[in-house]
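Here subunit A shows up in two complexes: once beside subunit B, once beside subunit C.
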Partner chain A sequence: MKLHFNKEKFLDGLQQVQSVVGARSTVPVLSNALITVQKNGVFLMATDLDLAVRCPVEAQVLEEGATTLPAKRLFTIVRELAFSEVSMEVNDKNVATIESGGSHFKIHGLPETEFPRLPKLADAKSFTIEQKILRDALKKTAYAMSMDDGRFVLNAILLTIKEDKLTSVATDGRRLALSEYDLDLPKGTQGELLLPSKTVAEVQKLIKDKGMVTISFTENQVCFDMEGTQLYSKLVDGTYPNYRQVIPSETKERISLEREVFSQALHRASLLANEKNPIVRFEFTKNNLCITAHAPDVGESRERLAINYKGADISIGFNPHYVLDVMQNLENDEVFLELSDEMSPGVFKINAPFLYVIMPMRINTP
Partner chain B sequence: MKDSSRWILHMDMDAFFAAVEQRDHLEYAGKPLIVGAPPDQRGIVSTCSYEARRFGVHSAMPSRTAGKLCPNGIFVPPDMDKYREESRLIMNILSDFSPAIEPLSIDEAFLDVTQVRSLLGEPLEIARRIKQRIREERRLTASIGVAPNKFLAKLASDLEKPDGLVVITEENKIAILAPLPASRLWGVGQVTQKNLAANGLKTIGDIQNASLHYLRAVLGNGADFLHKLAWGIDERELELSWAAKSVGSEHTFPKDTLDLSLVKQILLSQAGEVAGELRRKNVAARTVSLKLRYADFTTLTRQTTLAQPTQDEVTLYDQVLTLLSRENLRERKIRLIGLSASNLTQPNFQLDLFDQASNKRQQAAKAVDAIRSKLGHQSIQRLPD
Partner chain C sequence: MNRIRILPDTVANQIAAGEVVERPASAVKELVENSVDGQASQIRVEIKGGGKSLIRVTDNGHGMSRDDALLCIERHATSKIHDSADITSISTLGFRGEAIPSIASVSRFRLLSRESNAPVGVELDIHGGKLISVKEAGCAAGTQVEIRNLFYNLPARRKFLRSDATELGHVHHVFLLHTLARPAIGWTLIQEERVIHDLPAMPEASAPEKHPDALRRRIRSLYGNQLVEQLVPVDFQRDGVRLHGLIGKAGLSRSNRSEMYSFVNGRPVDSRAIYYGLIEGYHTALMRGRYPVCFLFLEIDAARVDVNIHPAKREVRFREDALVQGVVIEAARQALATKSSDRLVELPSASPLPTPDASSSRKPAAASPSPAYSQPFLAPGNQPSPAAATPSSPAPFSHPDSARPSPPAAPVSQPLGSEKPAGIQVLGVLDNLYIIAIDTEGLVIVDQHAAHERVLFEQVMKRMSQGAPLSQRLLLPQTVELSPRDASAIRQQLAVLEKIGIGIADFGDRSFIIDALPPWMTSRNIQELIRDVIDEVERAGHGISRERFAEELIARTVCRHAVKASDTLKTDELQHILDELQTCENPHTCPHGRPTLLRFTPAELEKRFGRREMGKEL
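After this line comes the complex of A and B, so read on.
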């Protein structure tokens, strides 16, 4: 196997696959990237058995073949090379020789036969949408996934395709983000995909603002094909909770907030929230919002904001991180907060099909 | 008194539980009084009066042994609610003298009076006034140690008990420490003490005179800290936590047991007790610990930390059962079991979107507390599953 490639282009490809490589894999070949050199193109691939990424790289093929090389080491070597023109030759003992300018490296690989095969998605259903839609759907919801191992079904995003709509939902049981998009799909396309959090993170790295993505899926597997770069993943096997029932159907008050001003005030107030169990209190009174926090033995903070509010006085406690999370992942200048009372969930909305339900914290007064 | 950088008081109530009972029951005055389990049952002495101490009875001794040593002793069960209330009143007196209080237990506290000297006078004078107020307002006696640091203050309060008042200064500390046994140093238990003695270090003076090099060879890592203590140096600050550090409950079985359902039943009632105490103190816990003592007295503790703080007995019970299930309980009889909650924080609860039951349990717990405060703890109990 022999090829010439451009350093930057090869590095791009390696970057896409290397984050999948298991850091402490017990199977040595899983630390390697598979390099396949064929007449029709050169492909890189890495997998941790739950997830696989395969991408094409531009290169000049001199001799076909395949091998696996240590992904992180290869990445470091190529990154450090001084010249853009690089040649790689691999002998039948899987020893690769990399040359560029005056640099010469030999690294030991493992036979490609040891590398796991890509799964075949039998009887897969598939649909194609714009990458920017999927990108937006993941950005607006991913932060609400649970990081807690206790409820594994919540360590995932639920993507639902139904009735010409794509719905992305994530929740950790305390807050829930939902974003919805109108699609123009062939009749009868529907499905529910529970994407594991690691898969979500990898898709977010690969996905772009333009171009299309084809999503093929079976009962327990999915493939995202982003114009050549493919990501294969297992799906989470489990039943997602009935999230529709926790979205309040009506709330009493609707408050318009300037996102930037509001988040900055909240961020400042939360500097003095208790670190272990953070809570800030929001007090809405006529045309006024007061955000307060206090940490025993540390101190307290208060932020006052003039807002347009004519409703009943409400005092409600929230975990400030949950509120800041949603603010950071929206771009709209104006957000709306809908509230009923101090024990009922609050709902953040924007002028688009999106909502973020957040359970309050009960503030205990002796 | 020469000016020093810090002045710490250590107050220790004299035979606290017994003294409270003797004050409230004139018939116990001047008699050997033992607060704890009855002498014909298993369990231990929690406190005894000085009259009982003359017979060799002391805290943490099995009640049966106490009964043999002191056959005429009056045994009374502890009334923790009463002692807690008494403790609160005594701590209130302390807080009139300085805001910097570190309560160590129900009957012991450190008080930093460094900052209040210009207002209230010399530390010795402050200590005298504290003792006087406790005597007049609570009709109890306290021993107080006055010293430049925590270690010396605690040591001083113990030197002339009961009703003691001892001052240790920078000038006399070395001389006071030198003749005392090494076991008086903070952190020196039986094992370390034996190790020290085997290497010719019996008194604190021996440790003062030993080279740090030698001490390190004997003790390893702890040597530097111990050497400093021996020279009366202790830089620990008061821990001015806004609440107690933990809440717990322990139970010694009347007979060592292998009966898991009995163990669980006790844990369930302990969970209820601890949860109630957390709510009463208006704090929530993030760490749950299980303590197990086997018949051969080997003792182990296991703990787990929760993502969210809790005051909920069901959560405490579930966590402690999980800890229990990891132990091999088939062959070893259990003597004592305990549940404690620590890592305490403000009781602000994140409500859950899906687990409405836990939100409701919090409401129910409030109702249970209300009933118990009127009718007593036994009036309402959770049934085992």
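After this line comes the complex of A and C, so read on.
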């Protein structure tokens, strides 16, 4: 096999597949990237057996063939080359010769036949949406996934496609994020996908602000096709809890907050809430919000904010990280916090179909 | 023809000797016990040929008159009890009147004794139980018993004696036990005419308030300074049972029970109640499967303990076993808790405490394979067998003939000099598990998981004891169904659970609803967690104490939360763990009692590199 390529274009492709290359794989071939050279195009692929990424790269094909080469090493070599025109030739012993300007490299690969095959998604359903919608859906919910290993249904995002709506939900049992989008899909398209957290992270790396993504899925597998770049993954097998029941149907107070100002104040106040003491107290009184943290033996903090509030006095404790998480992943200037009392969940909303339910924290005084 | 005959006394004594005198060490034991009972303040033990050729015990006690001396060689002749009522409250070490006749029947025996007010003493010679001569003798006040050629007339028994060195070892042990039991008495051990131990009498030890000091001095003369510094005092009393003495600091442990010394009313004994009580009292401060070091004295009314259950009086039975065990548990807990200065390193008093901050909050490990998600979904091609692909190369640092460096208990818990500057510096990490560091005392190897567990455990315990636990409400309350046994156990612990920050409500029958958890506790498998804790605490016996329940629950939870053995940590994270570990009350063990760190002092390294011979430095 033989090809010529442009250094930057090839690096781009390698970068996309590189993050799924098994780091300390016990199967040597998994540290390699598969390079397939065909008349109709050149493709790179890598997999760690849970995920697989395949992407096309622009190149001039001189002779068809396929091989696998150590992905990290290939990446470093190509990145360091001084000239942008590069030629690669691989012999039948899977030894690749890379030449560019005065540089000459030989690297040993492994036969393409040792490399895993991509799954065939038999009887897959599929739909196509704008990449920026999926990107936004993941961004607004991913941080709420559970990080405890073991509760695998919660180590996932639930994507639901139903009645022309895409809903993305994540929860760790203490807070829940939900984001919804109107779609214009062919009649009858529906499905539920539980995307593992690792898959979510990979999709977030590959997805762009423009273009379309086609999502094909079966019972237990999914493929995201982002205009040529494909990501294959398993789906989590399990039943997602009935999250609708935890969303409060009504709350007593609705408070408008300036997101930037509020999150900066919260961030400062939480400097005195640490790992050992993850709580800040929000006290809402007439036109006033006071955010306090108190760390035994360390000290305390207090932030005062003028707000527009006419409701009853409420004092409620939250884990500041949970609140900062949602603030960082929203772009709106104005956010709303809905509250009832200090024992009931709080709900953050924006002027779009999004909500974030967060359970309060209390200090048990003996 | 009559078949049944009364055995001649010599034969009866030889049979009794089979029980009383097993080996030279048991003869030594009987003789020193007699000296102690005889109110001696100085006891000398001389040994030759491992005790097989000679045992000579000399005391300065009240001695015996000629008549008493002649009586004492008769079976069941004793001055110590008079009637059967006395048996139920024995306060002397001897009481059967069997030892002397038994020993005399299996050896060449000589007894010299003089009462202090008598002008002359008496000398008896007995060979194989036969009285050879009785004569007047000039001798010091007190008693001297000489045993030569033990078992000379019972070749079968003599054959079973072990090498001189082995027998000598047993004699040493007996000597040690009694010198520890009686610091007030001065003791001398002479072996092949060389003085091995010469321990001064400390009469003040008879005063309870002076006893701990005297005991320390006695231990120091027997074991050296190092052990003494690793002991903390115990003194606790309840319901007429008093336990006092010294026990090892948390982190000090041995692989067997050989350094667990316990004395009941001054008698060296093995007692399950004391052993198990102590191990339980250490709880997380002792590694599972290892044993503490202790020198414990239990004082209890003689009527509440039965010493007459073991032929060599090595065991006792308490009439209230559970009470005694409870006293030991509580005594040990208090002793270990009040000793908070046992730091990894001492901070100079002026320097600020290392500030624990958010830098220890770790990124969760990249999603690890979960049950539903562990099967690779791509079938690998002709993949080589995993075995061939992962040559198990020996870990660096491993020693060829001992897979892991034997964890010597002593270096682990060497107390560190308080005048030295603080500071423990990370050098690197091995296998993503062992932090290699140095401090002023030498090389320190820390198990990152165990260490982090200890740090988290103490943080949570502290928070709980401050009485302000945090409780994060759950979006989806969980229902937990328990077995009837577990349900009733939990019902008694609801208050404790609330105190930890677990919101739990009894839903009747065997169901409970959990709607809040402390922020450090994960909600997964809370049912299993609670069941494990109940099992664990019940296995330890004697009901579930509140502290134990809370501790166990927290220990198990922080274990899941702590950094794992395989987590890759950055140097500052490693440093942070070490810094926090230094501030722990009990830095040497994880909450499950495994060690958090091993220590190798330069002296220890010198030994291992053969620069200094083992044991020669003393």
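In this text, the second predicted complex is superposed on the first by the 363 of 366 C-alpha atoms of A that agree within 3 Å, B and C clash if a C-alpha of one lies under 4 Å from a C-alpha of the other, contacts with A are read in each partner's own complex, and residues count from 1 in each chain.
The rule is short, and it goes like this: a residue touches a chain if its C-beta (ideal position, glycine included) is under 8 Å from a C-beta of that chain, and two chains touch if they have at least 3 such contacts.
All of these numbers come straight from a predicted model, not from anything done at the bench.
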**Prompt:** For the overlay on subunit A, clash or fit between subunit B and subunit C?
**Reply:** clash
**Prompt:** When the two structures are overlaid on chain A, which partner does A:N308 contact: first (subunit B), second (subunit C), both, or neither?
**Reply:** neither
**Prompt:** Should A:P196 be classified as contacting the first partner (subunit B), the second (subunit C), both, or neither?
**Reply:** second
**Touched partner set for A:T239, first subunit B, second subunit C, both or neither** = neither
**Asked** A:S249 contacts which: subunit B (first), subunit C (second), both, neither?
**Response** neither
**Request:** Pick one for A:N40: touches subunit B only (first), subunit C only (second), both, or neither.
**Result:** neither
**Fill in**
Per residue count on subunit A, the busier partner among subunit B and subunit C is C
**Asked** Which stretch of subunit C would you flag for clashing with subunit B, going by 74-82, 164-172, 236-244 or 380-388?
**Response** 236-244
**Message:** I'd like to check the shared interface: which positions of subunit A are touched by both subunit B and subunit C across the two complexes?
**Reply:** 148, 150, 171, 173-176, 241, 246, 274, 276-277, 279, 296, 319, 343, 345, 357, 359-364, 366
**Fill in**
Counting only contacts in the complex, subunit A reaches subunit B at residues 148, 150, 171, 173-176, 241, 246, 274, 276-277, 279, 296-297, 317, 319, 343, 345, 357, 359-364, 366
**Item:** Residue ranges of subunit B touching subunit A (in the complex, touch as defined)
**Value:** 240-242, 282, 284, 286, 307-309, 343, 345-355, 362
**Prompt:** Inside the complex, what are the residues of subunit C that reach subunit A?
**Reply:** 356-358, 360-361, 364-373, 376-384, 386, 389-390, 459, 463, 466-476, 498-499, 501, 516, 519, 522-525
**Message:** Under the stated contact criterion, what part of subunit A meets subunit C in this complex?
**Reply:** 26-30, 47, 49-50, 52, 113-119, 147-153, 155, 171, 173-176, 196-198, 220-221, 232-234, 236-238, 241, 245-246, 274-279, 296, 319, 343, 345, 357, 359-366
